[in-house]
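One structure is given below, represented as structure tokens, and several questions about it will come after.
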Amino acid sequence: MTDEATAAPPGAVKKFMYINRRAPHGGNYAQEGLEVALIGAAFDQEVSLAFIDDGVFQLKTGQDTAAAGLKNFTAAFAALGDYEVKRIYVEAESLARRGLTADDLMPLMYEDEDDDYAEKPLIEIIGKDALADLIERQDVLLNF
Amino acid sequence: MTDEATAAPPGAVKKFMYINRRAPHGGNYAQEGLEVALIGAAFDQEVSLAFIDDGVFQLKTGQDTAAAGLKNFTAAFAALGDYEVKRIYVEAESLARRGLTADDLMPLMYEDEDDDYAEKPLIEIIGKDALADLIERQDVLLNF
Amino acid sequence: MLLHTVNKSPFEKNSLDTCLRLSAPGSCILLIEDGVYAALAGGAFAAQLQDGMRARKLYAIDADLQARGLDPAGLIDGVEVIDYRGFVELATRCDQVQSWF
Amino acid sequence: MLLHTVNKSPFEKNSLDTCLRLSAPGSCILLIEDGVYAALAGGAFAAQLQDGMRARKLYAIDADLQARGLDPAGLIDGVEVIDYRGFVELATRCDQVQSWF
Amino acid sequence: MKFAIVVNEGPYTHQASDSAYHFARAALEGGHAIYRVFFYHDGVHNGTRLASPPQDERDVVNRWSKLAAEHDIDLVVCVAAAQRRGIVDAAEKKRHAKDADNIAPGFRISGLGQLIEAGIRADRLMAFGD
Amino acid sequence: MKFAIVVNEGPYTHQASDSAYHFARAALEGGHAIYRVFFYHDGVHNGTRLASPPQDERDVVNRWSKLAAEHDIDLVVCVAAAQRRGIVDAAEKKRHAKDADNIAPGFRISGLGQLIEAGIRADRLMAFGD
């Protein structure tokens, strides 16, 4: 029961999915959810994030929290690519219902070390049935 | 700034309405809302309660919280008639949407001292437009 | 096969709607806390839930129904009422658990 | 004439819906916090809100729009964007304030 | 004009306390008075002095304490809600035989009557919740 | 089977902590193990010893403390969430130069890694929130 990232028993690689369903600033689930994802990335598990419902608003471009006096934690999404998180799924139906398109989302990238460090997009927009399939295949589901 | 009920300046009678929109046991807004209504009744203001949305579930008959290990605070609604609360409004549209009728609600009564202490029903089911009018005519609105 | 839990009233929040949209056919859905209101036979979500149940199995916690004064006879057909032991048993029988708040 | 505030996203919760149902014609409605998402011109609640605005005046807090990356140009027509001083001014001008969470 | 403000949620978990604070400041800047801020439900958690938020985040509790000191504002934490949730002042500590208290400067613990009274005395009652 | 449990909400304000407790008890009665209960977000408020709920109501904090003592369960309060919200143990008291602590018996404060580790080690992760 140590707090070291290395506490994970070697070989026990599980599929973790962080499911984000809240708008970013009205409450703290979103910010504290990202904190879990960043810590979790150090545990050498297979990590993905899904953005569903109002969670898609977390990835909206142009968030400026200065006047509201809040921390703009969503800037840290740009770091996810460095944290070995290679998949961010955004549900197409949730986007459409809010009148958003891919262009409204932050252009998050990662460098693919298996492909000569080519820059590739982190975000993949997928339909509800494909996402339901993916959720079904996870070992650990954490909701924020 | 004393805590006595008598702290209300004489003559300053305001219309208070407590608007209850939450289901009774999933959270504490409902229970703590009733606590306010019971305290507030001692201040000699004109008090009414409105039940809207899932708030109508607070008045459902037959609630038995023993197995869930919760306090059945809704039993205290029966006391409201003794607290000079003479009007409990329930929105008809909220009831209908939940498949409930007047028969599903606790038969709350009060004794009308202006009418030889005749027992009269506390609950009045009213439509959304009439309720909007009533809300418009309040001096203080408290939401739970 | 996953167990999905829903603890919010569908009249207030979108949790049930999202659960039905994103739970694979064959899943189990357990209504807990205010989630049990979804199963009211005369309620506005009865049809949507009944439709979702054609490919999914629906459960509700007895203690949460009782606390809210909901008689199992007043629920949509096919809801299985279970206690917390049943909840634990479901969680062990399913591969994982997804909680929709 | 009342000022109604709504602080919840209509995609998640029923607060806006209830506000529109129970606010008298002539009311002012102020969107704050996650409530501002309701005003997205391309969103699923644009039509309902536009309809409600035929008899009501709609406002939104600038700081809450900015925090969420919402450009006023992307909102439905007729929303007046105000700051907290404007919120205070509205509260004094209206007879009372009703907050829909 | 005299405003009363009700805060129903704790810091960080919901934006309610932020909005209430911004409203209170704007009201004061506009020459209005804040008759009382009443903390109810989880709002009582705004009144703990034991919080240590990260340096790069707003300090919700201290902000209220400072505002109260600068403008002599009455910050009242509901006693019933506080007892359920563990907010304690010196009197409550003694009454419930606790070994510590945690109330922040500028806050006081009192009864629900203070909320009703604020509704009677103030011109407008503003509620911020979840 | 080994269960890990996450509690995201404080006592009373939401039923989440009640449901988590009833699940934990039923799991233990069914012969299963509770690897850890992790308190996150407002869930950290389950770990204060300063609460004094009314006599006729359940005592959410004490219930967890007793369950932990009887079954040797690891109750972990997230340090980052606790700092924002004012839940403090002896070490945190010293670190942040506070004049009191308020953690309840049987709870300990630790990092988010404990949540991930619980996810890795347990067979099922059960989350209760709002």
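A, B, C, D, E and F label the chains in the order they appear, each numbered from 1.
Rule of thumb we're sticking to: contacts are C-beta pairs under 8 Å (C-beta built on N, C-alpha and C of every residue); 3 or more make two chains touch, one makes a residue touch a chain.
For clarity, every value in this text was computed on a predicted model and none was experimentally measured.
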Where chain D and chain F overlap in contact partners, by chain label: A, B, C, E
Farthest-lying chain, centroid of Cα atoms versus that of chain A: B
Homomeric contact chain E-chain F: same or different residue positions, threshold half: same
Centroid-based (C-alpha) most distant chain relative to chain F: D
Centre-to-centre distance between chain D and chain C (centres being mean Cα positions), rounded to whole Å: 33
Distance between chain centroids, defined by C-alpha means - chain A, chain E (Å): 35
Chain A-chain D separation of Cα centroids, rounded to whole Å: 30
Computed distance of Cα centres, chain F from chain E, in Å: 26
Multi-chain contact residues (two or more partners), chain C: 7, 11-12, 14, 33-34, 63, 83, 96-97, 99, 101
Shared-contact residues (touching 2 or more other chains) in chain A: 25-29, 53, 68-70, 140-141, 143
Set of chain F residues in contact with two or more other chains: 8, 12-13, 15, 22, 41, 57, 80, 84, 125, 127, 129-130
Pairs of chains found to touch, sorted by chain label: A-C, A-D, A-E, A-F, B-C, B-D, B-E, B-F, C-D, C-F, D-E, E-F
Complex interface listing, chain E residues touching chain D: 1, 3, 8, 15-16, 19, 22-23, 25-27, 29-30, 32, 123-130
Residues of chain B touching chain E in the complex: 1, 3-5, 7-9, 12, 14, 16, 28-29, 32, 35-36, 39-40, 42-43, 45, 140-143
Partner chain F, residues of chain B touching it in the complex: 25-29, 68-71
Interface residues, chain A side, partner chain D - complex: 22-27, 53-54, 57, 60-70, 72, 97-100
Chain C residues touching chain B - in the complex, by the definition given at the top: 7-9, 11-12, 33-34, 37, 40-44, 46, 62-64, 66-71, 83
